[in-house]
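The following blocks contain the structures, represented as structure tokens.
What follows is a pair of complexes built around subunit A, which joins subunit B in one and subunit C in the other.
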Partner chain A sequence: MTTDNNSLTPEKVPPIYPVKTKMQVTIIFFVVLGIYLLSMFWTQRQMAGGFSGAIGNMFTVIEKFFPPNTAVISAIWGPMVETIQMAIIATTIAAILTVPLAILAAENITTFRPLYILTRTFLNILRTIPDLVLAVIFVGLFGIGLFPGILALVIFSLGILAKLISETIESVDMNPLEAMRASGGNVFQVIWYALIPQVLPQFTSLVLYVFEINIRASVVLGLVGAGGIGLILNQQLGFYNYPNAMMIIILIFIVVIVIEYISTKIREALL
Partner chain B sequence: MENYSLPPKPKNSVYKKIRNIIISLLVIAMYVWTFVSINIDWGRAIERAINNFNRVIPRLFNPDWSATGDVAMSMLETVFIAFAGSLMAAVIAVPLSFLAARNMMGGVIVSTIGKWILSAVRAFPDIILAILFVVAVGPNAFAGVLAIAIGSTGMLGKMFAEIIESIDMNVVEAMEASGANKIQILFYGVIPQITPEFLSYAIYRFEVDIRASSILGIVGAGGIGTMIIFASNNRNWNEMGTILLAIIIVVTIIDFASAKIRRKIV
Partner chain C sequence: MIEFKNVGLVYPNGTEGLKNINVTINDGEFVVIVGLSGAGKSTFIRSINRLVTPTSGSLLVDNQDILKYRSSNLRKLRTKTGMVFQSYNLVKRSNVLKNVLAGRLGHTGTLRSIFNAYKKEDIGLAYESLKRVNIEEKIYNRADELSGGQQQRVSIARVLTQQPKYILADEPVASLDPPTSHQVMTYLKKINKEDNITTIVNLHFIDMAMEYADRIIGMRAGEVVFDGPVSEVTESTFEEIYGRSIREDDLRGGADES
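Let's turn to the complex of A and B:
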């Protein structure tokens, strides 16, 4: 490289990307490709016919789902509403529970370091557990029904919400808080008068965002017996009643899109 | 002595007041509706919980170490599903994102259609896609790969399109002015700008997909979810403890590694 710098003759133009970078990128590319081929091989090893057979088969099977049976819509409307209600209740409870947790997990408010680290670690572990696994455990504990589903949603969304809100809290303007403290406000006064007004719009927006996540999660909780429309979907699939299942899937699709649309509009208006 | 007084309070407009009242009424109505019409059998749930508590909770925290080998193999399969799925999604999402980005393919119509396709894909929960693919290609891990691939395409395509829309168009214009053709602009003007963020989002999505693929087995699409459903059907809560531990460890490691790599790239 030193010789290149000394004599920049036209025929010895240094390459745009250094050779070392090129080597690194090539190695990473082949490693990624290697793992990909291994994964493809691994995931298809129990499959008869392999990839091409599966894709060919796919279209013949997908035909069984059509046309969806529109007659079942009145029968599945009740469970669908129940599913939405599960998400509403779970989001509300999570939004209330998240406030102390988020404050404890914010570095700039919780100045007592061990407590902050403890809360953060707890939230990180909470977030690694998938919602359906929580639902499986709670169904084992409370039996089949709506309650284990709501509980699973609360715990699942608590992890996400507390993390997002603690990050919002960490990014607030600290000057009002210091001013409050300097003029003698105690911890609760500082939080109530200086912190909450600053984070309230983001808080509402994030709660709505988590509500969207909960709607998506709640429609499938029934697959493991935790109430809602997923339960019906699972039954219909079990009976190989594909047109009915397709109708349920379409209804889920419509509800998710409508709720996401409304929630996005509200969030845009908020921020 | 000057007379200090507070500045006058800002007046709320009538429109705003009415709007706030309507919003609060709607929210109250929603809650009344929810809590009145939902029926939870509290008595039964509490009774069951008291009966089951000792059979479930202590055993969850007492993992069955003899199942470690099986759990590790299933977890490996989960990681493979997530990897293959998110890589496929990352590749499929690139052309779709160019279609959906407003500053690339020209027309607003094309971009709107592209965005509609992407949001339609995003509306399906992963596990519903997995159900469809299990019916289509049979109950195996490859159904999981396809579900993850399609599910992630929606989100990645949207993110990629936003990245493309945020690039510095001056570079592209300068290249156009100096006579570069479309392919040259793509390779020297656009791709260098988007690559780091594309990679970063693809790796982030891999993180999300690990979580998603760990439950796909519940509907038969391979991975550790298969063991979850067996353990729960057999009431084998010790094994469930092992599975839970495996998920927590693997997800934590991958989150950590992914955060490190992403910080290096961007």
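Let's turn to the complex of A and C:
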């Protein structure tokens, strides 16, 4: 059968991607590869002894950490709980503050464009500030302790949460909202009855996810003086008390794993 | 009474949705609007509860020009005009009762509704409405557990709970099979007669229009090209409205199955 319709001979088959796209992707690939190789070369040169030296160093340092000092568990348990509390309080405050911000940053709900753009921009700015920088600033302002840590975490999680939740809001089914409006509901009723039920599962899931991030972040923030277990870890490292530090690291590891496990299970059940 | 007086509507992109419409709909009528896709049926119906706003003329509902309405008046207008949609527009994750109670939103204060503190009468009314469309046994099912026909009945129950003076139905049966379509239309007609609620329905099936309407309004390209009682309507009327001969897919069929 050699009809005209069937004449898709091999040379005539169009490529899946246009030739131009292929070229661009290839060029980008080699440029990125080049940057990798170059940066590897430079870091090697700046490291005394290169990679092999670094690995040898690692073993001597690691040896000093063992065996971990199990006797400190009772002493570090308090700061560990503080760290968890810091994450819980910060996540809760952020989850509450997120609601109005996420609604204002959702294009389908906030039809008044200037307000939408203002909120979006505000959230974008929030997200560009790293949590560590926030912690350093707040520790400088309020002194060492939990409060600056909580503040830094609230702002940090607000940036992520409000952005992700506003995107969830933008993908909801608008039909029920229209029905509520058509039956005389005001803005609050429309949001409460037609919008909230649609985003509640994702909302809860995202809040738990951010809580997981916050547990880890609050440890790191402690390192710069924002209270909790991170602060203790930093002190022990400063005193070269490596067995104590190792015990702290193991405890953090276990707590993080347990919390992530529970949170993942809850999130699975939700969606 | 609903009176369109020289009503025109131009969408922001320049499309003329309605052109110089003059129509009066009396209380208690069951009006069916027919016309091809894009004729302006939805625009017509959605002007009445101001989901869209005509750009010229005046539109009187109970002798008041609703085109001048702002938020609180608008809420009152929408409270007395219930709406039924092609895609049911239920909150899928909420249960049937909560969906039906949403019909009371316009009558209920913000705080009361946010705390689910509906009046006893309202809940009773919601249950009565569900009974009227024979779906009361699904009261605690989630809306997305119901079939299309059942969802549309729930949405009719929602409108009933609203106790409106007018019901607007925009292609209420377009997503349903023939027997279910007839069932839904029968409920709408029954409510229209029993409660004397003025009902305006968009349909594009001419056999259904003929079966249920008291009066038919034909639209084409944003204009009303026919307006008269069903008794005056013949096949050639539809051919005029549609601007072409009648085809198989203009008919829903299945009238005797239900």
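Convention: the second predicted complex is superposed on the first by the 235 of 271 C-alpha atoms of A that agree within 3 Å, B and C clash if a C-alpha of one lies under 4 Å from a C-alpha of the other, contacts with A are read in each partner's own complex, and residues count from 1 in each chain.
Note that in this section a residue touches a chain if its C-beta (ideal position, glycine included) is under 8 Å from a C-beta of that chain, and two chains touch if they have at least 3 such contacts.
Source: prediction; values computed, not measured.
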Inset, instruction - For A:Val133, decide between first (touching subunit B), second (touching subunit C), both and neither. - result: first
Inset, instruction - Tell me which of subunit B and subunit C touches more residues of subunit A. - result: B
Inset, instruction - Figure out whether A:Ile125 sits in contact with subunit B (first) or subunit C (second), or with both, or with neither. - result: first
Inset, instruction - Answer with first, second, both or neither: which of subunit B and subunit C does A:Ser183 touch in the superposed model? - result: second
Inset, instruction - Considering only touches as defined above, state whether A:Leu101 meets subunit B (first), subunit C (second), both or neither. - result: neither
Legend entry - Which superposed partner A:Ala152 touches (first subunit B, second subunit C, both, neither): neither
Legend entry - subunit B-facing residues of subunit A, complex: 32, 35-36, 38-40, 42-44, 46-48, 51, 54-55, 57-58, 61-62, 64-65, 81-82, 85-86, 88-89, 92, 124-125, 128-133, 136-137, 139-143, 145-148, 150, 216-217, 219-220, 223-224, 233, 237, 242, 245, 249, 252-253, 256-257, 260
Legend entry - In the complex with subunit A, residue positions of subunit B that touch it: 30-31, 33-35, 37-42, 44-45, 48-49, 52-53, 56-57, 60, 77, 80-81, 83-84, 87, 119-120, 123-125, 127-128, 131-133, 135-138, 140-142, 144-145, 211-212, 214-215, 218-219, 222, 225, 228-229, 232, 235, 237, 240, 243-244, 247-248, 251-252, 255
Inset, instruction - Could you pull out which subunit C residues touch subunit A in their complex? - result: 49, 51, 71, 75-76, 78-79, 81-83, 85, 87-94, 98, 102-103, 105-108, 110, 113-114, 155, 158-159, 162
Legend entry - Residue ranges of subunit A in contact with subunit C within the complex: 173, 175-176, 178-186, 188-189, 192-194, 197-198, 200-201
